[in-house]
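Each of the next two complexes has chain A plus one other chain: chain B in the first, chain C in the second.
Right, the complex of A and B next:
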């Protein structure tokens, strides 16, 4: 069966060997393909699964997508342990090694600039959630059953004021925290807030941000986020990372995807 | 919280990055399909249908 080349990331050459048992997408261990002063991290994938048509179908299959995304991430994670990889978008596939070399050749300068910018840095993800009114720390008085239309409207107004209050506090909290963290980061990006049905997370995601932080400044960065966690009732902060700098790998096209 | 739910939370964070981040390479040398971004939209529908029995935590506050 014909094998295509799946590329995970581009790096500067590095000496530390990758974990021996590391496997990539489709089970083939990733190897390094050097060209000039760049290295592509590549594994073989079956053509039958990764040609355009098959890929299009597979990407709609949640189990396949999950397995592939995790395998991709596992390789990029292993690279993050030994160097600063420039990760590629999921499912970047080439016909053969010479296609990969050609790509490295054509983009050598841009890759070099980006790798210099990311060198020694990792990405941290931070999300702010507003918890549902029933989860907020404020005592939830059970409302009596409205006796009349006027009672009902009064209750609705009261509820709506409580919600508005929580929302404006959340907005202020998220804005302050984002400013504080941006000051401690080399760069920041906003992702679209996550759909609670997609994430399964409780509450409403009001801020979904990524920060590019030097490794040696990461401990302090994480502590800074930890300190805010108990500051605000009804508001929850979640930190993920360290990630390879996925959100900072592209050019300014990233701004198109920004939420608010 | 079950293990499955934990996984799904992490999957969303992963897809935020793997489907929206990373270097995009287009051109003759790559076989990457042009519109991986579109997958995200279908995926929303797919996961929503998987989780249809889970009510939105925010209920009907926007009704």
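Right, the complex of A and C next:
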């Protein structure tokens, strides 16, 4: 069976071994393919699953996609524990080792610049949710059934005002927190809010941000987020990380400081 | 040179990580390199129709004509305003049905 090369990330050479039981997207353990002063982290994947046609079909399968995405992230995560990886997009596949080497050769300069910029840094994700108004706004007593059209209108107005208050509080809270965290980070990005249908998270996601933070500043960063968590009723803060610097791996820096 | 410093314990990550957080990163962030196997993620129906809605970056989604959050009251203050206007009109209509003659028509 022919095997293709699936590339997870590009790094500087590093000495710490990866965890022994680590497996890649098709069960093959990832290896290091060194070229110049760069290392590609690669595993073998069956041609039958990763040629254009098969890949196209597989990507339409949510179970396959989920498994592959998790396996990809697991390798990148293991790398993050021992070095600063430059994570590649899912399903970056080459025919053989020489294709991977050629890619490293051609993009050596750009990779080097980005790796220097990210060196010693990780990404933290922060999301702000507004809990459903029914949970947050007036939890105590249920509204009585409206006796007339006018009562109905009054109730709706009251509810709508409570919603508006919560929304404007949430907006202010999120803006403040984003500013505070951006000041403690080397860079920040705002992402589109997540839809609860996929994330399964309760409430509405109003802010979805990523921060590039030095490893040695991460503990303080996390504490800062923790301290804000209980500040605002009806508003929830969720921290994720440390991630490899996915959101900052692009070579363009145009978006730096966006949204602040 | 790349010796990692001490990191806090992971938050909402690893095996238990939210799928949306993972997909958002591995599909939409990270370095794009054209490998030997060329696959355009935008051609994948599942991704464009279902997942793209959830994880697409704003600009990319707009490029594809997806702008649902602009009309989703939860995500856009403009849409919230629109919804309020619609709701007001609907309420006026309802009130007019219940109590004809007392509710003035809305000035345009």
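Just so it is clear, the second predicted complex is superposed on the first by the 246 of 260 C-alpha atoms of A that agree within 3 Å, B and C clash if a C-alpha of one lies under 4 Å from a C-alpha of the other, contacts with A are read in each partner's own complex, and residues count from 1 in each chain.
Convention: a residue touches a chain if its C-beta (ideal position, glycine included) is under 8 Å from a C-beta of that chain, and two chains touch if they have at least 3 such contacts.
If you're wondering where the values come from, they're calculated on a predicted model, not measured in any experiment.
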{"item": "Partner chain(s) touched by A:70 [first = chain B, second = chain C, both, neither]", "value": "both"}
{"item": "First, second, both or neither for A:207, with chain B first and chain C second", "value": "neither"}
{"item": "Partner chain(s) touched by A:84 [first = chain B, second = chain C, both, neither]", "value": "second"}
{"item": "Touched partner set for A:11, first chain B, second chain C, both or neither", "value": "second"}
{"item": "Which superposed partner A:40 touches (first chain B, second chain C, both, neither)", "value": "neither"}
{"item": "Partner chain(s) touched by A:25 [first = chain B, second = chain C, both, neither]", "value": "neither"}
{"item": "Partner chain in contact with A:174 - chain B first, chain C second, else both or neither", "value": "neither"}
{"item": "Chain B versus chain C as contact partner of A:104, first or second or both or neither", "value": "neither"}
{"item": "First, second, both or neither for A:216, with chain B first and chain C second", "value": "second"}
{"item": "Contacts on chain A seen with chain B and repeated with chain C across the two complexes", "value": "4, 7, 10, 50-52, 55-56, 59-60, 62, 65-66, 69-70, 72-73, 86-95, 99, 103, 107, 114, 125, 191, 194-195, 197-201, 204, 240, 243, 246-247, 249-250"}
{"item": "Sites on chain B touched by chain A in the complex", "value": "5, 7-25, 27, 29-33, 36, 39, 42-44, 46-48, 50-51, 54, 56-59, 61"}
{"item": "Partner chain C, residues of chain A touching it in the complex", "value": "4, 7, 10-12, 14, 50-52, 55-56, 59-62, 65-66, 69-70, 72-73, 77, 80-84, 86-95, 99, 103, 107, 114, 119-120, 122, 124-125, 130, 148-150, 152-153, 156, 160, 167, 171, 191-195, 197-201, 204, 206, 214-216, 218-219, 222, 238-243, 246-247, 249-251"}
{"item": "Chain A contact footprint on chain C (complex, rising order)", "value": "1-2, 4-8, 10-15, 17-27, 29-33, 35-39, 41, 43-47, 50-51, 53-58, 61, 69, 74-75, 77, 80, 84, 87, 91, 94-95, 97-99"}
{"item": "Touch list for chain A against partner chain B, complex", "value": "4, 7, 10, 50-52, 55-56, 59-60, 62, 65-66, 69-70, 72-73, 86-95, 99-100, 102-103, 106-107, 114, 123, 125, 131-133, 135, 163, 191, 194-204, 208, 210, 240, 243, 246-250, 253-254, 257"}
